[in-house]
Amino acid sequence: MVQSFLPVLERIGEEIEGLAGRGRPADYIPALAAVDPNRFGMAVAELDGTVYGVGEWQQPFSTQSVTKVFTLALDLAREGDSLWEHVGREPSGNPFNSLVQLEYEHGIPRNPFINAGALVVTDRLHRLTGDASGNLLDFLRTESANQDLDFNRDVAASETAHGDRNAALAHFMASYGNITTPVPTLLREYFRQCAIEASCADLAVATGFLARHGIRGDGTRLLTRSQAKQVNAVMMTCGTYDAAGDFAYRVGLPGKSGVGGAIIAVVPGRCTLCVWSPGLDDRGNSVAGVAALDRFTTITGLSVF
Amino acid sequence: MVQSFLPVLERIGEEIEGLAGRGRPADYIPALAAVDPNRFGMAVAELDGTVYGVGEWQQPFSTQSVTKVFTLALDLAREGDSLWEHVGREPSGNPFNSLVQLEYEHGIPRNPFINAGALVVTDRLHRLTGDASGNLLDFLRTESANQDLDFNRDVAASETAHGDRNAALAHFMASYGNITTPVPTLLREYFRQCAIEASCADLAVATGFLARHGIRGDGTRLLTRSQAKQVNAVMMTCGTYDAAGDFAYRVGLPGKSGVGGAIIAVVPGRCTLCVWSPGLDDRGNSVAGVAALDRFTTITGLSVF
Amino acid sequence: MVQSFLPVLERIGEEIEGLAGRGRPADYIPALAAVDPNRFGMAVAELDGTVYGVGEWQQPFSTQSVTKVFTLALDLAREGDSLWEHVGREPSGNPFNSLVQLEYEHGIPRNPFINAGALVVTDRLHRLTGDASGNLLDFLRTESANQDLDFNRDVAASETAHGDRNAALAHFMASYGNITTPVPTLLREYFRQCAIEASCADLAVATGFLARHGIRGDGTRLLTRSQAKQVNAVMMTCGTYDAAGDFAYRVGLPGKSGVGGAIIAVVPGRCTLCVWSPGLDDRGNSVAGVAALDRFTTITGLSVF
Amino acid sequence: MVQSFLPVLERIGEEIEGLAGRGRPADYIPALAAVDPNRFGMAVAELDGTVYGVGEWQQPFSTQSVTKVFTLALDLAREGDSLWEHVGREPSGNPFNSLVQLEYEHGIPRNPFINAGALVVTDRLHRLTGDASGNLLDFLRTESANQDLDFNRDVAASETAHGDRNAALAHFMASYGNITTPVPTLLREYFRQCAIEASCADLAVATGFLARHGIRGDGTRLLTRSQAKQVNAVMMTCGTYDAAGDFAYRVGLPGKSGVGGAIIAVVPGRCTLCVWSPGLDDRGNSVAGVAALDRFTTITGLSVF
């Protein structure tokens, strides 16, 4: 089992140690606000599933929007291109909750990674499977080979209690006919996905199919080669809220962040990464997480550019 | 002189031949509107500068916004990161001429490839050199090894005569203090750049420094390795107006389009491409051009994802 | 009992008879879409409560947004100026359902007559009384001296079934803390108000307190003189969706329209009017209704300007 | 010569004396920023032209946007309703310089009193007369019976030097074909109008035609009765930037403010007023001016509502 990047991770771990001003944790729900913003972990998964890391790389945390990538992949695998009639794949150019573009574009969200878009993808997966969040959890358990992965029910409840904005988005799209699951059901499914807890190790391994051009850990195919590239492309242009351009500029890898402080990233054909640190910048991305990935591509030269 | 991709280009040339419904040429100035939308050429330049192509790959055309890449590189080489205080690097999420975001973001354009951003980059290069368009023309002549490259003075005059919207953008940013060159001078410099004529061969070769991580054709360095990657990243997220997500999804390469029908694209460390066909889709990108690049990465597997 | 304006009404009734192209009824719920757009009635109420009219002036119809005036008055009478911390009194400058301004203005609707603002007023009246729609119905029954006035339960149910956009507005404002009634309760209260049925006669008489500077039909005071003027002012600047400027220009009276085709209008110190015709223009106002009021002020010279 | 409201003015003058926190003068050009924000004058003109006042009611100041009313009237008198194909009459619902709505509404400004709309009216009057600012000055001199009224050339020059935003507006509308005068000429004409200096006495008298339903001081007719009402209606809904609703609510009269600190107001059929105090609120209206007019209608009961 090769651990090609271990020395690089160790160097990054040391550098990040000294990083001042790591931002603030998300504060819209108590469960997230209580986390120490200075915590840090980082893991790399090789193509063969070997995983290793530095810092708290085996510590579970709230995955939040990171799971949007997996839900997208699961739906795309099932319904293919017809998904794109219901959600776009262009950057939003606005803060991640904005209703403005949604109104100008008649209820079709710009991409699957803004909240509105993720609600649409959840709606579609739920129509096809009857259990969107359950399918997602099964997939993550299998791919990470960790049957202990689960929803944090307190977080899900807390999200629901503070869920007026997502309820507004869902009803708004329903008014355009772009959501058909009853809104309370849809929100339950959506918030459960956000509330899955996993570690850097779990997520780095589970993301492997995007570095293997669509092949799951057991060698079966989830996505076509084209679809895997397409998911990576959407991550590159839309994966980090209104900072996708900056992320591409600094890191140069397809990536997806969550307000829990995690970021997953893909080096196509080579490896996958997950970094976690709960302190966020003002655009919702982990300060230490972006810095660590920036260092990774600078040291290894593995940016796609 | 290796011509690795010649068979691929020939195959693409044949496939494009049969492509129906190639869009419409830009019609805001007569000089562009008069071009046959079905013309087509495509060239690849190897890292060593070898260039070859299919169709009308040696036919000069109006480069338009494609030159924004070179102006950005020339300014970045001179002033470095301070440029980013005056222009962002995020996708615009709106049609390319929109004033809306410019107003909400206080006169700082979202990126260097929308018109407002290119005006800022031109302003800055002109302050540093006293001759933005002259420097650009010199650079393109040298890199393409074609001293015949020149401005089309009719096109520049026609742009000026239809230049009210760009004048509005320039005055608007001047009102925020983000433009200091007198507006008439700035517009002259800007429109000259748009009016440079070159062929697919010229542009593919001239783009080579972005595949060589910053090294010019004569072996000297224009950009640092980091800067070259950064320009590629900005092309990936912002290079094709409001269709950057779709371009990344379909083509998966850093690229920049112009309303003259050209698109340049970079395969980092491998080669550069230029395709030209004047029929545009409703977001301003060449229909046959995007299709040809889509085929190129599908056949060769050279998408960065 | 003086009927000062009867000849004027009769003349208007004849002129409107010949009016071609009367627009289309609202079509977002079946109950409204089914009405013949050419129906017409108009009533005037003198200050002493005498009421008379032409056409179908005693025919009940769906009052829809016209009731927003009465809910505003009932809440203002109870809580006074603190209402204005929760809703503005500026024209919206956007179609009546727009979420855009609501987002830029942090959940404070521009005025009490756009849907978002009416939801806020309903929320506040419901907090103070525990029965917003019941209080409204009581008030209308008493002022119109018509105990038969009632909700149309089919219309209320139909509004609820098509209520996603109002649900989105309510949840959105709740996310800013500007709505505290549970959203399903609030929507029920809101849709009931819209579903009250009344005739031109009923509404013209019930509006009388705004012409009598705040005095109800029984001589008691509902609003202070200042408050009555203020409600008239808000009707003038915000009462006809995105056409308030045009309504002021043509009619020159404080007025409020509803998508059921009714418009109430006030000649302060002189009389009140209600006109009904279900055909709407593209901004949601009754075509024949605006025309009839335009004729009324032109013939009588009773515009406030 | 009756001076019906002199006691009211004297009372208001005393009350305003004690008004704390009178806002700040406009600071975008030095000539305006230098004025003491606490200065105050107020004049009333009776229908017969008798004028009297309190405070500095005979002190000339920079009229700024107040002149937009007169330019509108002069153009409307000449071209009639065709003006409304080029400018709307709806409130803007946005700060007075906003480009956003102009873009969404394809270069047709919302009303004649936002800067964009006033540029359109100036363009049209200049096309018809060849001398928009000269015609305006002549009209004001004649109506106020003060041949000393003139442009302040320093202010006009200063406006021009800080005129990038208005230049942006003009070029932007020209790009939609809604401006045909060359932009530099148009701006000169526009800034001259803003730079006219006059006193409260001058402006109150000159506004008289709007209280006399269109009749000029010499008894000739400028506007039809309908047109005079219409100008009053546009003042009511659009005369005080993004605070028209609040002005209607508090004052209840057609009015037009300028960033020099003046406000004119009309009591149709009764009198006209002008108040001046340079301290502005954050929406660009004179703090003491609005307060004084609010007191006037409260004391006299002369609100139109």
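List of remarks:
A, B, C and D are the chain letters, set down in written order, and residue numbers restart from 1 in every chain.
Keep this in mind: a residue touches a chain if its C-beta (ideal position, glycine included) is under 8 Å from a C-beta of that chain, and two chains touch if they have at least 3 such contacts.
The structure displayed is predicted, hence computed values, not measured ones.
Chain centres here are C-alpha means, and the one lying farthest from subunit A is D.
Centroids of subunit B and subunit D (each the mean of its C-alpha atoms) stand 48 Å apart.
Rounded to a whole number, the gap between the C-alpha centres of subunit A and subunit B is 32 angstrom.
Centres computed as Cα averages put subunit B at a distance of 55 Å from subunit C. Shared interface positions of subunit D, i.e. residues touching 2 or more other chains, are not present. By the definition given earlier, chain contacts exist for A-B, A-C, B-D, C-D. Taken together, the subunit C residues at the contact with subunit D in this complex read 88-94, 101, 110-111, 226, 228-230, 232-234, 236-238, 242-246, 248-249, 252, 254, 268, 298, 303-305. Per the touch definition, subunit C reaches subunit A in the complex via residues 98-100, 103, 164-165, 167-172, 174-175, 183.
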